[in-house]
Structures are given as structure tokens and as C-alpha cells.
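After the C-alpha cells below, expect a handful of questions from me.
Chain naming follows the written order as A, B and C, and within any one chain the residues start at number 1.
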Amino acid sequence: MNGAYLTRRLLYGIPLVLGVTFISFLLMVYFGPDKTYELIGKNPTAEQITEVRHALGYDRPFLLRYGEYLRELITLDLGISDSNGEPVSSILKRTLPVSIALVVPGFVLGNLLGLGLGLLAAWYRGKWLDKLVMSASVVGMSISFLVIIIGLQILLCTPYGLNLFPVRGWQVVDPGSYFYYVAVPTLALILVTLGYNTRFYRAVMADEIERDHIRTLRAYGARPAEILFKHVLKNSLIPVLTRIMFSVPFVLISGSLLLESYFGIPGVGLVTFNAITSGDQPILKAVVGLTGVLFVVALTINDILYGVVDPRVTKS
Amino acid sequence: MTTPALKVTNLSVWFGNGSSRLTVVDQISFSINAGDAAGLVGESGCGKTMTAMAILGLLPESGVHASSDGIEINGRDISTLNAAQRRAVLGRDIAMIFQQPATALDPVFTMGQQISAVYRRHAGGSKQHARNNMLQALESVGFSDADDIAASYPHELSGGMRQLAMIAMATVCKPAVIIADEPTTALDNSTRALILDRLGHLQKLHRTAILFISHDLAVVRQICRDVMVMYCGRLMETTDCQSLFAHARHPYSAGLLSCIPQLGNTRPPPIKSIPGQIPAPADLPPGCHFAPRCNRAEAQCKASVPELDYDNGRGAACFRPL
Amino acid sequence: MTRDTWQKLKSDRYGMAGLIVVMIFALVALLVWSGLLGQGWSEVTGNRFESISSKHLFGTNLLGQDILQRTLFGTATAFEVGLVVTVCSTLLGSVLGGLAGWYAHGWLDEVIQWLKGVLDSIPFYLFAAAVAFALQGNPWAMHLAMIVTFWTTTARIIRGEVMRIKQREFIEATRAIGLPGLTTVFRHVLPNTYHILLVQGTIVFVAAINTEVILSFLGLGIKDGVSWGLMLAESSQEVLAGHFGNFFAAGASLFLLLMGFNLLADALQDALDTRRARI
């Protein structure tokens, strides 16, 4: 694992970050809502208009405004939310932990289960177990996220079903209440992602099992468990890791967006959702910019992990 | 009469079933004594590798079936073992060396880890004990820097070194039988000589029986005492190498021999002098498989299958041997 | 599609079932577009939340509108969104992917790759919201957002294929003749990749429908007309009060159509995969 490799991967991320922030700037700020008239009131005079525009920075050159945006992102000087006047950074500090606590169990379990099922299906490829797992996966993939959420709500949270869990809310004070509020969203997340995960992992594992070195292992008397868990898994680590790393930003943002707006959980997703519907620019600017950066970070970490996991990579 | 190290009786391998059955290996039988090396020679697709896989019991895979009346290692029939018993045998009593060591070895584990794993799997014991045996095995194939090799990944070694390491893996448990499937085909001449030399040395050291599979008669001659010529899933001739090269009895063997360039160049012989083509498994001719291409064929050859006809320990499956 | 691909496809029972389901839905969509079905989706023809009856096969919703009518119209919406997004993103992806592959490792390729990376990094729903803002609530904002982000997978596939085909000799031959690079790309290389595009197309269609559902829930979906997404969004509150009409109608339709597409996509992939036996 040498420094040159590391530096190369890091440098590669910079144009991406620039690109992402540029697009988010373009969309959110440049093409975003024009706040001039909100701040002025009725019958503004020409001078008042120019004054306000100047205060808002609308008359400054494009690149300068973009640079300003970048600076805000880097220094995390994210401004103040339009809707309640709270500083954006404190909003994020408050809501991010909630989102993470919400999404992590489902994400981890969804992937672990997917790996396990994929492994099973790949080992018994073509047999009934494989077909069962694959059929279930296709069905899982065909049910819309929304349908799953609503369906689970009906089943678990209403008197028409088991009525075990709350429909919405997040009053978490101890592990017990954590479980109470996170159960249904976690289940939803698992059900949505399981189908996709299983199919992907199965394909990767099935490919790996075909390889010559697995045949060698068999020829030397290795047990199936050893073959699967020691060799197939380790050799599949790269595509598996890539997938996991790439899906982290998305699950965190999109998953939390939907789950929180649906279950009324005060995390980043809900805040973003409200920002979308109310046009709260500072928040949107911050979230989009930061997620873009998050993605690039994930990409870079992923590349670095390649080097750690596969001894063949760093030699090039 | 000593018990042969490896004895195969009526081994068959086929695809599909019933009327759509494609026979790839057709009731072949042979035996190899301890300390002897026998070559299994034939062109690509004649069923050599399938034979090896079937002996190890690694078939059936999807659609491929195998059966035999016995596969005995030192008298013990391994074809009737259950999965767990077979796993105990593979690598310990019989080991295989594959053609492409680059892909046959696990790229994310070091050679040391892979070889030690094989040893520990069968002999148990501590990691240190396994490591010692592993290093010993590496040294016995000729590595002076066994420690370095043990710490290397397969892709860090050259083709020849990989194959030597593979041989070390095969011999670490000192098996009674080794099957070498085209071990030198992917290597250049000098490396090939080295591999063959090392293999021969180990064979004498441990009195291992070797089944050496190859399409190259010249290579087989360098290391094997006996040779079996295979064509379309059947054995055409079995004899010792000297006799074969001096006077082949089966027309096919004679044909193969005549294709070897005289100057000792060991490139695989193209079969130019035998007219016709190898039939596909689905189009096997009745009677002797070689009859359509044989210039000594008669009506009898097309009607019935000649058995291996032994004479002074040499056999040819032919009604009109040379 | 070649003869044996079609044969292989026909022998796959599930794939055929999927195809039939998709075609039935497509037929419904056509009928709606031509004004023969589902025209009464916005009329109030009954009381609120009527249950299933002969007059209203799926019951009515909050406003007394007939759910069956709305479901039928929703089919048309789903296909409209799906087709527009699939066709446009496939076109865009093919062109950009083709260019990137042909000029592989050149500056154009690097730019397109960078663009792909950037677009993949932006969380989709936020992007859709941003586009909706930027376009001041234009009804095509949703489609645009999807097209602009969905082309990347197609482009990646096409780029790979182009790079692979570029190696083959007949392309060298056309270059030797002196055909300009771009024409070669479009005329010779792309027709060889249509099979992959077909499979990817079905996947994009599914993604588009799924996305529309969620966008509608977020309030960023279609503006006039009705879609299953809108119906599901309505139902989210309704089910808590015990009114399941919208939920079942839209949910079931969605499931059937998606299932059909997924089965079809799988079968297509298997039939077109000449390299090895069914996975």
C-alpha cells in the first residue's frame, strides 16, 4: 500500500467534487428561487430592489458566487435555514445522528442477509433452493418501496393488523424505545433492498465458485463451509465492498428521506423533505453539496480498500 | 503380485441420459504400481481430463455423470465413499496438479497459506508443524528460498515457480498417487525440463505413482515408464514407452508417433498424417472408433469393438495390430 | 431479434408470462390514450369511500372518484413516464457512451466519464427537486430529472461494448477506407449493441415507474392527471382510517406490471447471453 497509489486516488476525487458542487450550485443557487421580492414587500422602488439584490449577492459575478458556495461548504458555514432561522450546521448536527441510527440497522441487516442468501443460492445453483431464493428476490424487487412501507404500516401499526408498533414518531430514550421506533422502518428497508442485494451477491458468488481455484480446493478435500466462507467470500470482497461503499450515501440520503418523511422521524431526510416542499434553499444547498462530497469520499475509500483487500492491485 | 497404487476398473463418463447420452469416457481400465509413472496420452477432447476428474470423484457436476466398477488406491475403493470420507482422501492419498497454475491457485492467499492449509486439513496439528512441513515441501521441489516463496502470492511468481509450488502442494502430504494434468503444457522448454526433473525426483523419493496426462508423447517419454493411448474415450493401446516408440501396435499410436518432428522439438504434434477428423461425442462411429480413419480397417472393425488384446503385458485394442 | 434468441425466449415460461402481462398493460394504456378507457378518472361519480360495488368495481376515493377509472388512467401515466424516460435516456446514453467509447482515453471520454461520476454522486430525489425548482414547476421536470440521471448506466454499457467492438477487424477496415470516425460509430457499432440496450431498457422502465411513484409521494410527480404514485400517496393516510381501496388498486397494479417487466428482463437477459448456460 504505497503513497503514490493513495495520492492518485485522492487527486482523482477532486474533479468529481468540483463537478458535484458546481451542479448543485447551478441548480440550487443560480436557478433557485429569487428571494428579492420576498424580502421587500409591496411596490418596491428601483433602489430598494438593487439594494436587496446587492445584499443577497445576486449582482456578483457567477464564478465569485460559486467560489463563495465552495467556501461555505468547506468551512461548513452553511447559513441559516429559511424556515425557522436555525443555523443549518446546528440543524445538521442535530438530525444527522438520528438518520444514522435509523438507517444503519436496516442497511447492515439488508446486506448481511443478502450476502447469506446470495451465498446459499450460488452454492446450490440450479437446485430448488436457488430457484426459491431467486423467485423471492424478483418478487421483492417488484414491490415498490412505498407499497412496502404502507403495507407494513397496515400490518404492524394499525388495528387492522397487529398494532405492535407506532405509526410514526421517534421518542428514543433507551434501547427499548429505540427498538420500538426503529423496528418497522428497519424492516421496510430490509425488504426493499433484500431482493436487489441477493441477486447481486448471488451473481458475484456464482461467478467466483466457477473459478479454477475453487476446483483446486475441492480436489484437495476442502469442506464446503471452508470454501464458501474463507475463499469465495474473500475473493468476492472487491465487488461486495464496492457495492456497499457506493450504496452508503444513497441509502443514507434517499432511504432516510422516504422513511423519515413517512414515519415522521426528525432526521436529515425529513428536514430535507420539508426543505424541498417549502423551498428552503440554504438547507438544500448544504445537503446536496455535502452528499456529493460524501459520495466522492466513499469512492476514494473504496479505491483504497481495493488495495488493502486484493494483493494484486497495488502492484500496478 | 503387489497391490497397485492406483487401479481403475471400467470407468465411464457421460453427459445426458437415455437416448441423448454422450459418452466421453467409455469403460476404461488400467493400473499403476507404486513408484511407477504412466502417461495417458491423446489429443484434446479425447476424455483425459474427464478421466482424472472422475477418478478424484469431482464429477458429477451439472449434467456430467460418472460410474465405475472400482477406483482403488492401495486396494481401497474410493468410488464408494461418501462426501466426508472422500474429502479426507483428496489431497492426502491422491493429489492433482493442474494445467494452469495461474488460475488454479487462490490469488488472495500466499503460497505458504495455501500449502499449509492442505497439510493441516489432513494431518491436523499445530500451525507451526504445518508450516514446517510446508517449507519442507517447498524445499523438496527445489526452492532454496522457501521462506520467500511461502510469503509470495501466486501472481508474484513466474509460471514455472507456480507450477513447482503446485507440486509442493500436491506432495506435502506424501500421497500414494499423483495425477498431473498437462503440467508442462503452458510452460516454455527450459522450465518444462526443470518441472519434469523435479517431478521425477520426488516420485522416486516418495515412491509415488504418477498418472501423467498429456497430448505430447515426447514429454511423456521423458518421465513415464508406461503409456496409455486414448482416443475418443477409449484406450487404444497400453504398453511401456520404450516398446511404443520402438514399435507401436495400434495404427492410431503409430500415427501419433509419426507426427513427432524428428529433431526433438517438443511442440504438440499436429495430426496431419492421419486423414480425417476426430468425431464429436455425438457422432461416434460404431465398432472401433478409429476405423473410419484407419487404413487397415476391415468390415469387422466397423461392426464390433476390439478389446485390449494383451501380449507380453502390452495391449492394443485392434483386430489387426501392427 | 435473431431466430434462436426468440426461440430461447419463447421457451422461458416465466418470461413469456411477463411479456403477456406487460402487453396487457400496454394495451390498456393505448386504450386510455385513444380515449376509450379510463376517461372518467376525475369525475365525481359517487360518495366518498364507497366500497366495492357493481357500479364502482374498486370503490371510490376521498372525493368520490371511481378508483377503477383512476387505476386505468394510471396505467397510461406509468407507460408515458416509462417510455419517455426510457427512450430519451437510452438515446442520450447511447450517444454519449458511443462517443466516450470511440474516443476512449481521449479528452472527450474523460469529460463524459467525469460527468457520469458527478451525476451518479448527486442524490436523485434532491436532484429531481432542484430541477423542479429550476424549471418553475414545469410538468416535464420530473422526466428531465430522470433522463439526465438514468443515461449513465446505458452509457457505461455502450462505452464498454464500443471499446470491445472497436478491436474487431471490420472496424479497422472501415477506418482504412477512410470513413469519418463518428459515422463509423453510429452506423456500424451501435446496431451491434441493440440487444444489451433492450435489456437495459426494461430495467430503466422499471426504475422510471418506481421513481415516479416516490416522486409523487414527495409531491414532485405528475401535475395533471393521476398516477399510481399519486394514488398510493393518497392512500398513505387513508389506510390508517381503514380505507384500502387506493392502496390495493394501485399497489396491485404496480406489483403486476413491475413483476411482468422483471420476469421479461430476466428472460431477455438469459436468452441473449450466448456465453454460457442459464445462471
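Convention: a residue touches a chain if its C-beta (ideal position, glycine included) is under 8 Å from a C-beta of that chain, and two chains touch if they have at least 3 such contacts.
Because the structure is predicted, anything quoted here is derived from the model rather than measured.
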Intersection of the contact lists for chain A and chain C: none
Longest centre-to-centre distance from chain A, chain (CA-based): B
Two chains joined by the most C-beta pairs in contact, as defined above: A-C
Chain centre separation (chain A, chain C; CA means) in Å: 22
Interchain centroid distance [CA atoms averaged], chain B/chain C, Å: 54
Approximate Å spacing (C-alpha centroids) for the pair chain A, chain B: 53
Parts of chain A lying in touch with chain C, wherever the complex brings them together: 15-16, 19-20, 22-24, 27-28, 31-33, 125, 138-139, 141-147, 150-151, 153-154, 158, 160, 167, 203, 206, 249-250, 253-254, 257-258, 261-262, 272-273, 276-277, 279, 284, 287-288, 291-292, 295-296, 299
Chain B - residues contacting chain A, complex: 56, 58, 62, 86-92, 95-96, 98, 100, 103-109, 117-118, 121-122, 153, 155-156, 169
In the complex, chain A residues that touch chain B: 126, 211-213, 215-223, 231, 234-235, 309-312, 315
Touching residues (chain side chain C, partner chain A) in the complex: 114-115, 117-127, 129-131, 133-134, 210, 213-214, 217-220, 229, 232-233, 235-236, 239-240, 242, 244, 247, 251, 254-255, 258-259, 261-263, 266, 279
